[in-house]
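Paired with chain B in one complex and with chain C in the other, chain A is shared by the two complexes that follow.
== the complex of A and B ==
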């Protein structure tokens, strides 16, 4: 979207819009609705911006995101409406953030974006749960996109997400299988790649393990009276007895034995 | 493999709880990612160039002071933090100080800094600090008392509610199944204070004042409108909006 255009609009347009951004107004509409409604909301580009009274604000404090348990109480229609309320809010926040950056102002409370996003993710989770429940009851399957465990062309295990086609597989000459059949690694190149990849993976693990060991040695040196159970729980892969015996783990004092 | 490094949890749970921010926000506010491969492209591995080690201090991770202390070219010596297992010191706890010039004095915990095993006790273990000193305008600055953090492992001990003496304690379960701290000196429960749920935004959840423009009211949020029906979400919405669909989808193949 052209920022300059929006900026000009921001300066020239008189805000006439009456934004319905409150979830409460929609969900609990019976309580907040006025009896006589005379003006129609002007749904123009200014809906991408926050209310004018919030423009100079340094702190716009809002509540927490919607939790999964709260969303499970809501009907599908409510979730559908709430989704669009949140979508509009997120668009507004992105616009305001962009505009603030453009005008070199501080965007107040950027955590609002994360809160809205978390609510939206939770809505998706709840809807997916409901749909999966329906399909499992009716068809015995989840109704989700089918996923298969395959070995890819590099010889690595992968989840292959299947795609939908209008012709069956044997007729589809343009489709190239993106994974190895039966998971057999026959080619020398793949075997070599896989061996080197495994070596690299092993080295990363080895280095991480050594790093943990050294860290435990230093901890033992600094905190000799530390609880060994906690240490073991924190670093399960480290041989603590071995670390204790090492020179590095000894502090600057005479040994007790 | 390569992602292990940045999956490791650095900021404590109590810090996130106190901040009242979503975890994702705390993470993106303190992290310094210099380069990140584009996501969802098969040709790019999941890799990023980012600062690995952060120095956690009394400055909270989302503040600008934290950012300044962890500036791009600032590298400080590693701090070894003793593993403590389950965290047991909360805001509002009465503790006795075991070291330093205020040894033997009791006070209330005002801040918990889990990343360093620190607590700050109100008005105790202080030093004098001069702030606002201005040489040019000949302003000598104001001297204030500033509390220094104390280690939970050695420097402070919880106070027994019966004997009012410092005591060791243990986490145990009550018959109702609640997890409580029990003093080993008198076997009394040391309750977790109400102030422990204090955040930047409110003292307790009930005292939060709703933002009328943005927030959903509490009543509307807990109102049950869901009625179970044998329908998918899409079917329900289509019926609600009066969308009729009689066309049969063509046969398709998944592979």
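== the complex of A and C ==
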């Protein structure tokens, strides 16, 4: 009898343990499966085409693009996976668009490409944010492509985004000779260009100013009782008293003295 | 980072570290008849043959034996209205050779699907319905033009 009891106890405990294990397994599987959702990879050239049920459709409804705030919650690996999902989707859409154009068909819902592109841009923004944060924490620099203020060939200031060259700067005699030794900036041609360029800029500014002044004169002619504060706010760089005194600002009526 | 400009040289291997490639490839119908294991793609202009091979093998898991590329010059044409010259974009084509035993035939996407007549019928019936609504709405004011409304 004792043995029978022990055996039943054992059996019950074993089954309970098994059940507990199963429950643990199920819970475990449920938690681990909470990854980013992807479709099963087909690993085929047919991945370049849309699903078969969408072939020849005229209206294909899809969701909205990924937002920045949603992507900021994702881990780097998730973003990396999502990038490839979107990349494949974009390739698929490009392929279908090309085929539609070839066959003289309308490509259904072309905004799908824009949506995918927006999602990809957002991913890139988020990744760039993280990269900048990491670099600033570790090195104190942004880690972005370095930008330099330079004076270009025409003697004008510009932002120069640095890039890689085949040979280092000191070996690049073709660049060094004219640029450093003689200097484009000091050459007569550049000086002449710069002078004429400045003149042109000045003339544009002057003409705009004169145009405003004339416009104010005519406004004063047509609407002599208008609010001077509003006029001053609208055209801050016009001398309104001077415009009032001018002959053009006088209307075709007898002056009130 | 990504391939916004071609990855710069870094010491050590692998040389081309690309984390977020923005290369695109599209599978196009072959211009001329090809062997069954040759597939034609259009791809980003910056892609090299190695890029194409890696792209297909790593991202799409497609075995690639050989890649040949060509760059087709875009057509020069005149704008119909203004007459100035327009140059179409150049296109980089890649002819990808698959293993001997693989075959690929470009699918017929618009082949045996319903024709556009159904959609036209749908649009026509929709237009009819809208017109009927419009008539019903304005039946008590026949002498007033349609734009005179709230």
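Annotations
We take it that the second predicted complex is superposed on the first by the 130 of 257 C-alpha atoms of A that agree within 3 Å, B and C clash if a C-alpha of one lies under 4 Å from a C-alpha of the other, contacts with A are read in each partner's own complex, and residues count from 1 in each chain.
Methods note: a residue touches a chain if its C-beta (ideal position, glycine included) is under 8 Å from a C-beta of that chain, and two chains touch if they have at least 3 such contacts.
Note that the structure is a prediction, hence the values are computed from the model and not measured.
Contacts of A:234 after superposition on the shared chain: chain B is touched, whereas chain C is not. Of the two partner chains placed by the overlay, neither chain B nor chain C lies in contact with A:157.
Once the two complexes are laid over each other on the shared chain, residue contacts for A:242 go to neither chain B nor chain C. Contacts of A:127 after superposition: both chain B and chain C are touched.
In the superposed pair of complexes, A:62 makes contact with chain B only, with no contact to chain C. Of the two partner chains placed by superposition, A:211 touches none, neither chain B nor chain C.
Of the two partner chains placed around the shared chain by superposition, neither chain B nor chain C is touched by A:191.
Residue by residue along chain A, chain B and chain C are tallied for touches, and B comes out ahead. By the document's definition of touching, both partners, chain B and chain C, reach A:80. Overlap of the chain B and chain C contact sets on chain A: residues 80, 127, 131, 163-164.
Across the complex, chain A is touched by residues 1-2, 4, 20-22, 24-25, 28-29, 80, 82-85, 153, 201, 208, 210-217, 219-227, 230-234, 236-237, 240, 250-255 of chain B. Residues 21-24, 27-28, 51, 54, 60-66, 70, 72-80, 89, 110-111, 113-115, 117-118, 127, 130-131, 134-135, 137-138, 143, 146, 162-169, 175, 201, 204, 208, 215, 218-219, 222-223, 226-227, 229-231, 233-234 of chain A are the ones that touch chain B when the two sit in their complex. Against chain C, the residues of chain A that register as touching in their complex are 41, 43-49, 55-56, 58, 80, 83-84, 87-88, 90-91, 94-96, 98-99, 102-103, 105, 120, 123-124, 127-128, 131, 163-164. Residues of chain C touching chain A in their complex: 1-2, 5, 8-9, 19-22, 24-29, 39, 42, 59-62, 104, 107, 109-110, 113-114, 116, 119.
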